[in-house]
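In the two complexes below, chain A is the common chain; its partner is chain B in one and chain C in the other.
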Partner chain A sequence: MSEENKTLSRRSLLKGVGAASLLPILSACGATAVSKGTAGHVVVVGGGFGGATAAKYIKRGNPAIAVTLIEPKKTFYTCPFSNLVLAGERSLDSIGHNYQELKEVYGVEVVHAYAEDVDPVAHTVRLSTGSTLKYDRLVLSPGIDIRWDALEGYDQAAAELAPHAWQAGEQTRLLRRQLEAMDDGDTFILSAPANPFRCPPGPYERASLIAHYFSQHKPRSKVLILDSKDNFSKQGLFTSAWQEVYGDRIEWVGLSGDGKVVRVDAQKREVETEFGTRHKAGVLNVVPPQKAGKIAERAGVTNSSGWVPVNPRTFEAELAADIYVVGDATVAAPMPKSGFAANAQGKVAAAAIVASLEGTSTVDPHWANTCYSLINPDYGISVAGVYRLENNEIVSPQGSGGLSASDADGWVRRAEAEYAVGWYNAISQDTWGTRL
Partner chain B sequence: MFSKKTKKILNSVPNHLKTGFYALVLGGFLISSAQAEGFSQRQVEVMAGSCANCHGTEGRLAGVVPAIAKRPAGVLEAQLLAFKRDEEPRATVMDRIAKGYTEEELRALAHYFANLDNK
Partner chain C sequence: MFNYLLRFFWVTSITLILSPLVLASSWQSFEPVKKFLDGSQPATSGLKLDLPLVSEDGSSVALEVSFEGQLKSGDQLESIHVFSTGNPNPEIIEFHFMDPRVLPKVATRVRLNETQTVIAVAKSREGATWVTEREVRVTVSGCLMRSDEDAEAGMQNPRIALPRRMSAGQALDVRTLINHPMETGLREDAQGKLIDQNLIEAFRLQLGGETVFRAGLHTGTAANPYIRVQLKLDTSTPAVFSWKDQQGQEVQEEREFQLR
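Here is the complex of A and B:
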């Protein structure tokens, strides 16, 4: 996209008018105006489920709109299915996705750099390469950042010893190596955070699949989940599946049972809970408290919760015009912080952006979500949700969505494990155009 | 596929213009079926966006989860309604999903996927 040309055309536009008419022209060049003769330029920050989807669907909606995607990584590793990598059931490569199809089929310009700052007034994004991009509309899909100051003893250095593996890639590799090297008979401890956090059923699927790995390779080892809350996603389904499949291999301790970890000693792989109980791990996995990705803070769109409030109709940030935010970074309850929801929000934002650049009205938003969790590679459970807007609130129509039946037959569990793989292939194809 | 009246009009179109004429007639047919239930094309596209997460972009990905693009509208609608009404014993998740849409929305979605052209 020719930002220089754009600046030039604005300058010459301003030059050509008298001072008396300057103000109206300036306001026309403000929040909603698009440079004359173009369909507009959208910059998308973040190439995960939300951002890559938004970029693709803006292009599908109107190929004349210029779309630039900013993503530091050339290969994006998904958190979904990374628990299978931890269990040794999949390679890390198999959950890596690239940006070839977005570039070659959809004409998205992909820049591998960090977005370091946003000026919402000037409508610019500054990149780690030193260049500055001008946008008509900005999409932020920054995912999560760790709150490094929220849990005593758990900083970036500690995460190299006691990985979070809540952003997939190197952290996933590290945790997998530790699990492989762990002595049979040692305990894997997972510290789970309070709500809200990325992927609500994620810690419990991870515990399940690591128990699956232990049952085959470290038969004397156990899994201990120390939880900062008393209830968790799909709790009934997980708990009864653990009983059925793993017996007493998985132990869960909730908030009121003194499960809240308040201090981490990563060197010793030890944690201390609220009431002073110390637990020593063979491998320690801390899923720490989280907040919206840093660039959302820089853009000034987060509130005191650390997350981004949005207009649910369009996913435009409440705190800045022309900045749309999708995915885990947003406050979008009752939608969960999931890759599926991020993809669905990316499409709603894309439609709203295309409509606003074309000057047409926005259609009613619709979203859905299905989170599959694997107890083992042949045993799947799910929670589904369908969402729409009523009185400007995101609601789930009565009777829709919900959990897999608690009394389902074995074929349902097997089918849901297969559908989990089908879902992963489909959403990867829909988001990045890559498939397995 | 065309009514007598349409055929009569078609016969009056010079041959070298016929391709474009067919395209116009077909295009009109596609738009009118997507809009049959009073939903704009873009509205249905946004509704259909969620289906892609398991069925691939435009519902075209075949695998464990079946492709839904270009299957007959009547078949798709009947299947969606069976899910919604708990009349599909092999349902795992689509019964929970279909209940989130009105019958009119499901019909519009069935028509949308049925009428996707080859790309």
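Here is the complex of A and C:
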């Protein structure tokens, strides 16, 4: 309801003044004007699945639009397939992506810096380099930030001892080193957060692939998942696959079994649960509570939940005009916080931005998402979803999507593991042009 | 879809400011609440209800309700009832406060069938009433599809967590949990047959042999009932926590509040 009002207001505003006379209005109120002779300037913050896709598809939609991508890292490591790195099945390099294609093929200006602040009224972004960029439209794809105040004993220093590895790169390397150095017979403990969080099946795939590594290199070691919820993604498929492939190597304790971790002692690699049980780990991996990436907070587009409410038709932030937010930072449920979803949302925002700069309109979007998870490198399971708009809310139409069959044959599991690799290559190609 | 409307203002024709404006409330037209209020005019501030804006798992949604309103001298808060406007049954849970040592701040986990308004109402011994409500959007995340698993039927594994250090006059968080499926009587088994209703009906806390707090549990209370209460004590005291199911079975746990 609220969104319709807003869309209507803007649309009638646009109609009232006409696309051609839009420019003087924008400059009249002190904001960035679309410079004469160009089709506008879009700044994209974040070069992950959502941001890189948005940058590319804006250029594909209208090459005359100037696009600047702000991303501190020269190589972006994906969370998808980082669990294979933890298991020693892939190199970190193999999940690194660069911005060559965006720069050379699409003419995106890539600036390796942090975006430190956004002024939504002046339409400016301040960078860690000290410079300030003006934008006509801004895309934020900041991913997640850790809520460092949400779990007793788990701060930045603790994360150097008990890594989260929920942002790939150095943290992935650290956790891998710890797993390699761990004594055979010690326990790997993974603390999983309550909803919502990045990559709902991620903790369970991680537990699976680390169990795979143990079965080959540390046969006496076990995996314990302490969970802050009772239900998780692909639960039935995971638990029966664990039984089938790993016997009792993986143990899962849910919320109602006192699985919620309330205190972390990173020095001792010890956690305490809600009802006072203490568990000691050989390697402790805390997947902590999360929120939208900090720049979203700075831009003032997050609500009390810490995430960003968006108009799902365009992925424009509800709380500020001309700022579009995509990916894990948004409230887009039932779409999950996944790389696939971020990529799809990046395209929707790109189309909406191109249309708004051209003074045209877009059609209602549809989205799809598939999450593959690996039990081991030859055993894949998946969940697929289809999404569309209904009364300006994202819904999953009845009967669409679904899970891998629970009674599938071994060849289906092997095939799905291959599809997972195919998916990864395809989405990397689509996002960064870096098919491996 | 929303029970409130958001009004939009254009500021310098660019920045959008949202201002929530409550135009209509669900409780005024919701029969179970009207019955509870029994004609009294409730205060709309003083009672606070905390729920997530969006829940990705309606089978267990964290809820906290607290009372911060003004009571006439000599009056005491008697009870807080929580209602669902979108579940098959409106009752979620109710809390009865029989002793000032139990602070009116309680947390639990509830079931929400769909996107809906949750209403809390409170009553004092002298008949003053309060009301508040919250809209919760319930959506199952695409990655969360699952099949229902059958749980054990009886009451299992009662758990109590007391603060490690307790001192007089300090607010003490006390968490309780017991494993139980809380069968609503509305769910079908794999063969399509209705599973009989099987609920824990009541949770009770006694201090020194005296009942100081009671919770009435209903179909809207999540499986494996979780209740967190807050106490303020002046002296050490023995405590008994008990749960009673519809068949009259009772489980008891004894603890000692040992103040420093």
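The definition used in the following text is that the second predicted complex is superposed on the first by the 401 of 436 C-alpha atoms of A that agree within 3 Å, B and C clash if a C-alpha of one lies under 4 Å from a C-alpha of the other, contacts with A are read in each partner's own complex, and residues count from 1 in each chain.
Note that a residue touches a chain if its C-beta (ideal position, glycine included) is under 8 Å from a C-beta of that chain, and two chains touch if they have at least 3 such contacts.
As the structure is a computational prediction, the values presented were derived from the model and not from experiment.
With the two structures aligned on chain A, chain B fits next to chain C without clashing. In the superposition on chain A, contact is made by A:Ser396 with both chain B and chain C. When the two structures are aligned on the shared chain, A:Gly153 is found in touch with neither chain B nor chain C. Of the two partners chain B and chain C, more residues of chain A are touched by C. In the superposed model, A:Pro72 makes contact with neither chain B nor chain C.
With both structures placed on the common chain, the touch criterion links A:Gly107 to neither chain B nor chain C. Once chain A of one complex is fitted onto chain A of the other, the partner contacts of A:Pro201 are limited to chain C, with no touch recorded for chain B.
Applying the stated contact rule after C-alpha superposition, one finds that A:Tyr57 touches chain B and leaves chain C untouched.
Touch criterion met: A:Glu416 reaches chain B, while chain C stays clear of it.
Minimum Cα-Cα distance between chain B and chain C in the superposed model: 12 Å. Overlap of the chain B and chain C contact sets on chain A: residues 385, 387, 396, 401-402. Residue ranges of chain B in contact with chain A, taken from their complex: 40, 42-43, 45-47, 49-50, 52-57, 61, 63-65, 92-93, 96-101. Within the complex formed with chain C, the residues of chain A that make contact are 1-2, 5-6, 9, 13, 25-26, 29-31, 120-121, 123, 194-196, 200-201, 229-236, 255-258, 274-276, 303-305, 318-322, 331, 333-336, 338, 369, 371, 383, 385, 387, 391, 393, 396, 401-403, 406.
Taken in their complex, chain A has these residues touching chain B: 57, 61, 340, 343-344, 347-348, 351, 355, 363-368, 370, 382, 384-388, 396-397, 399-402, 404, 412, 415-416, 418-419, 421-423, 425-427, 429-430, 435.
Residue ranges of chain C in contact with chain A, taken from their complex: 1-2, 5-6, 8, 10, 12-16, 18, 52-57, 59-60, 62, 137, 139-147, 149, 157, 159-161, 175, 177, 179, 223-224, 226.
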